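Just below sit the structures, each encoded as structure tokens.
Two complexes come next, and they have one chain in common, subunit A, joined by subunit B in the first and subunit C in the second.
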Partner chain A sequence: MTAAVRARRWSQRLALAVLLGFLAFAVFGPIANLFLWAFAEKWYFPNRFPQEWGHSFWGRVFSPRGGAVASLGTSVWIAVLTVVLSLAVAIPAGYALARLKLRWRGLILLAFLLPQAVPNLPVYVNIARVFYEIGLNGTVLGVVLVHASHGLVLAVWIASAAFAAVDASLEEAARNMGASPWTCFRTVTLPLAGPGLIASAIFVFLESVDEFTGTYFVGVPDVTTLPLLMFNASMGGNYQIASITALLLLVPSIAFMLVVERFLKANVLAGVGR
Partner chain B sequence: MPYLAIEDLCVSYGGTRVLDHVSIGVERGEMVALLGSSGCGKTTLLRSIAGFVLPQEGTIRVDGRDITHLPPEKRETAMMFQSYALWPHMSVAGNIGYGLRMRGWKAAAIARRVDEMLTLLQLEGFAARPVTQLSGGQRQRVALGRALAIDPHLLLLDEPMSNLDYKVRIELRHELRALQKRIGITAVYVTHDREEALTLADRIAVMDAGRIAQLGAPEDVFHRPHSAFVAGFMGADNALDLMRGSGADLAPAVAGTPQAARLRAHFRSNEAHLAHEVNDVAHDALVLPGTVVQSFYVGHGYRYRVSTGTADVWVEAPEHLAEGTATKVVVPRAALLLFPSDDSRTRIS
Partner chain C sequence: MIAAARTGRWRAYALIAPALIVIAAFFVFPLALSAILAFRATGGGFTFDHFIKAWDLYRTDLIFTVGIVALSTLVIGVVAIAIAGYLTLGEQPRAVAILRWLYRWPLFIPFIVTGQVMRTFLAKNGMLNHALIGVGVIEPLQAQSLLDWRGIVIAFVWKQVPFVTLLVAGAMASLETQHIEAARNLGARRLRVLWDIVLPQVRGTLLVGLVLSFVTMLSVLSVPMMINPNSPTMITVDIAYRISTLSDYHVANALCLMSLVVAAGAAWLYLRHAAAAQASGG
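The block that comes next holds the complex of A and B.
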């Protein structure tokens, strides 16, 4: 091996290492910062690191007055309801989109994308106005409806792909063996599409737990979710409490990503939006 | 009335007629093969019997009972799918027992019946296996077991062998035939494989363009085809026009011969031979002088494409000839299948 080749190889490795370093910094830098703040008792400019370490803020967050436990409960409750509502729509809609030869199939799939496509703020302002008039503002149901409008696109698209991935002859075989349409759906279609449906439920759950803007317009001040608590804390300059809340929000995200990775198979993902 | 009686069945998909007034009867305990190339309607006919396709016209009766408009689950027709359609989230026993669970059988009775099926299909000890861990041949048996477990009125088979290796296919073909005879079940078998239809079936229905071109015993359909289409499909795929009324002197039609004076002749490549000397040629035979254009080694001999001026024909012969050799194709009178040349169903090149 000549020196020139060796030098080139080393320079390539160096470039790759630098690139990976930047990537790692972009991903883990902010999270590391969260950890620093979560355990900082005192941290004033121009110090590079906190002057005092401790966990007294954790106690404050979890104390009844801190409201973290209550808003975590609200967040999870809203997320669960959003999942139930989204699946209740996504299962029949996804099945119909996957199985029936609908003329406007593409348009229907696109319609579910609309809430994501238009700018959120004007929509939420209007929704808030409408909900105020019909008494849904500041209610859990109102927040659930807003979250579901967002979650549905994921739920319907993934459910439709999950149902399409179930070979139609498997359903025919069940009917042929004496199963009524409903029994066939319950014993064959649903179990086989199950992993995809669970994955879509998880995405909807995560989306709901994380959602801020809609909740802000529709829920405040009566409904306080974890992201709203974090927002209030960081607006008040209380970075410790904001960081601890953010870390709490990370827990379901990471846990569910691990589960999704197990459930969502490549063949289902490949069919999303088809 | 036959056990399965289909009368005047018509099916169209969006303006395209797939089945055109099909009538066919299948006797109790009989195995009938629906044979045809893809798109001829054979699978549609099978799927209308199973209830997955609703006909626009006609009736389907099983043992006198009209099932034309019943949903699939009320028909007691067990189907074996081309893909086997085994449920991957169930074990072998779960798959075979499914139809019995739907019929409200007790768990113990289901287990006994599943064991019976596994013994019948030589799959003992496979009950708890996930179906995803089985080989193609084993899946095929499980699919058959699932279909037979419910003791159906009719067994419908949709090209069940087409996904198997050649050797396994031959083996299972004989097993399936023996099994069908032993339990005496009435079966309809869809296939595009001529040899499969000939070995398996009591009778063969050759289908073409949504109609039954010929229905008969394998020997009849093979040796006495009613039309040029059936002849071609049953392996007599050499086709050329002859002069009508030329008596014992069979001669190919020359250019300009009017339609009415032509006869369409079909013959099998293994029933003709090649002659090199004039005295090799027997009387009462069609003699076509020509040139070898292509030759293929096929194991027991060679297969030649011989250009005879009016048409290219295929001939099998034991001897080896180089491409370009001048030769004569001799087709004995008995090997010629003759049809009127205006047969509109003639679709052979």
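The block that comes next holds the complex of A and C.
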């Protein structure tokens, strides 16, 4: 190996390392900045790092007046109800789309794509107006309905793919041994599609916890979820409180990113939208 | 037999009906309402006035919005292709592994958190400026806040790149490796292989990811509100202002319809591509 080749290889490696370092800064820099703010007591321009560190703002966020605990509770409660409602209608629909004969299957799939493919703001704005007239504005139920109409789309697509990935011959074997359609579904199909359905439940849960725009219009003035609390703190210029609440929202997002592949097997992913 | 098939079909529709009803009631109906309100005059009847008013007031913001979202989509596409391409064709296994681990962190981080994160990171006192000063790229006095249109683009790119990369890298991984290897054996450079062989085969997936990102970014309210709420800003901010402050549903819905038309344009581009791909048997 000549010196020139070796030098070229090293310079390539160096370029690669610099690029990766740059990307790492682009990905983690913003998150690190959030951490700094969450533990800053005092931080004014032009100091590179906070002048004083501490966690007194954490106490304020979690105090009853800070409202973080209450909004966390509201967020989780809304998300749980959204998951229940979404899966209750998405599991039957996903099963029918995967297994049964439907005449307008393509059109129905398209209808289930709509909420993901159309700008959502017009929907939220007008549903808030309707809900206001029938007294659903500012109620948990109203927010759940809005979240579910968006979340169930993901749930239908994933559930349909999960059911399609279940080997049909196993179901036939159960039916041949005399199991009723319901028993067959309950004891064979459902457990086999389980990981995919859990994945869709987590998706819907996360989407509901993170949802801002719909809650902003439909939830006012009584329903304050964690994203709304964060938004209000941030617009009020309180970066510490906003950063701490943002960190709370960050935890489930990153946790899910790290485990998502365990639930969504490649064969299910490949079947989404088929 | 026929009767049995018929009840079977009824059962299928009955299973789907609840989900469709939820979508119809809480998605399609408000969307239709938006179209009606945008054209309805105050005393009833049909009018274009709200559109004229919306155009007069928010023309700049509309152009600003389309520009920002289009630029973001372009950058997302380029970065996603670069990352997915290296994941597929990269020769340093360790670098590929690091990249695979690295790129997807923002995948499920919500827009509102992205907004807050970027608000601190891109500010005059943010980590970006301090890092640039630290490595000597800029002088301390040159530090400037990026919290304008650039901040919105950076936030959108940061948030959406992992999603598009995930889709594109998945499509690239499922390609037949024979062509790629044949081209490489013939001495083609990696960039050529990516551009001439890999990319044409994943164009459909890339386009789906980009169109979905485009439409999503078009209706994000939190990021522009937190990063750049002053005019010129994105029309989502204007829509929220018309409603929260003025209760003016007519002009707001006219703006909504305009953004729907822009989204439909993006969808049309995609459908045209899909039709062309089908016609050529691809």
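The rule we apply is simple: the second predicted complex is superposed on the first by the 270 of 274 C-alpha atoms of A that agree within 3 Å, B and C clash if a C-alpha of one lies under 4 Å from a C-alpha of the other, contacts with A are read in each partner's own complex, and residues count from 1 in each chain.
The definition used in the following text is that a residue touches a chain if its C-beta (ideal position, glycine included) is under 8 Å from a C-beta of that chain, and two chains touch if they have at least 3 such contacts.
Keep in mind the model is a prediction, meaning the values are calculated, not measured.
Who does A:69 touch here: subunit B (first), subunit C (second), both, or neither?
Neither partner.
Who does A:251 touch here: subunit B (first), subunit C (second), both, or neither?
Neither partner.
Taking the superposition as given, does A:177 touch the first partner, subunit B, the second, subunit C, both, or neither?
So A:177 only meets subunit B here.
Of subunit B and subunit C, which one touches more of subunit A's residues?
C
Between subunit B (first) and subunit C (second), which does A:101 come into contact with in this model arrangement: first, second, both, or neither?
Once the two structures are laid over each other on A, A:101 reaches subunit C alone.
Looking at A:156, would you say it contacts subunit B, subunit C, both, or neither? Reply first, second, both or neither.
second
Give one of first, second, both or neither to describe whether A:18 is in contact with subunit B, with subunit C, with both, or with none.
The answer is neither, since A:18 touches no partner chain.
In the superposed arrangement, does A:123 touch subunit B (first), subunit C (second), both or neither?
A:123 sits against subunit C, while subunit B stays out of touch.
Looking at the overlay, what does A:146 touch: subunit B (first), subunit C (second), both, or neither?
The answer is second: A:146 touches subunit C but not subunit B.
Check whether A:192 is in contact with subunit B, with subunit C, with both or with neither, and answer first, second, both or neither.
A:192 sits against subunit B, while subunit C stays out of touch.
State the interface residues of subunit C toward subunit A in the complex, per the touch definition above.
Residues 5, 8-9, 11-13, 15-16, 18-20, 22-23, 25-31, 33-34, 37, 92, 95, 98-99, 102-113, 115-121, 124-128, 130-131, 134, 140, 143, 158, 170, 174, 211-212, 215, 218-222, 225-226, 236, 239-240, 243, 249, 252-253, 256-257, 259-260, 263, 267 of subunit C touch subunit A in their complex.
Where on subunit B is subunit A touching in the complex?
Touching subunit A: residues 50-52, 71-73, 77-79, 81-83, 85-89, 98-99, 102-103, 146, 150 of subunit B.
State the interface residues of subunit A toward subunit C in the complex, per the touch definition above.
The contact residues of subunit A facing subunit C are 13, 16, 20, 23-34, 36-37, 43-48, 85, 88-90, 92-93, 95-97, 100-103, 108, 111-112, 114-130, 145-146, 148-150, 152-153, 156, 206, 210-213, 216-217, 227, 230-231, 234-235, 239, 242-243, 246, 249-250, 253-254, 256-257, 260, 269-270.
Note which residues of subunit A are touching subunit B in the complex, please.
Checking each residue of subunit A against subunit B gives 167, 169-170, 172-180, 183, 187-188, 191-192.
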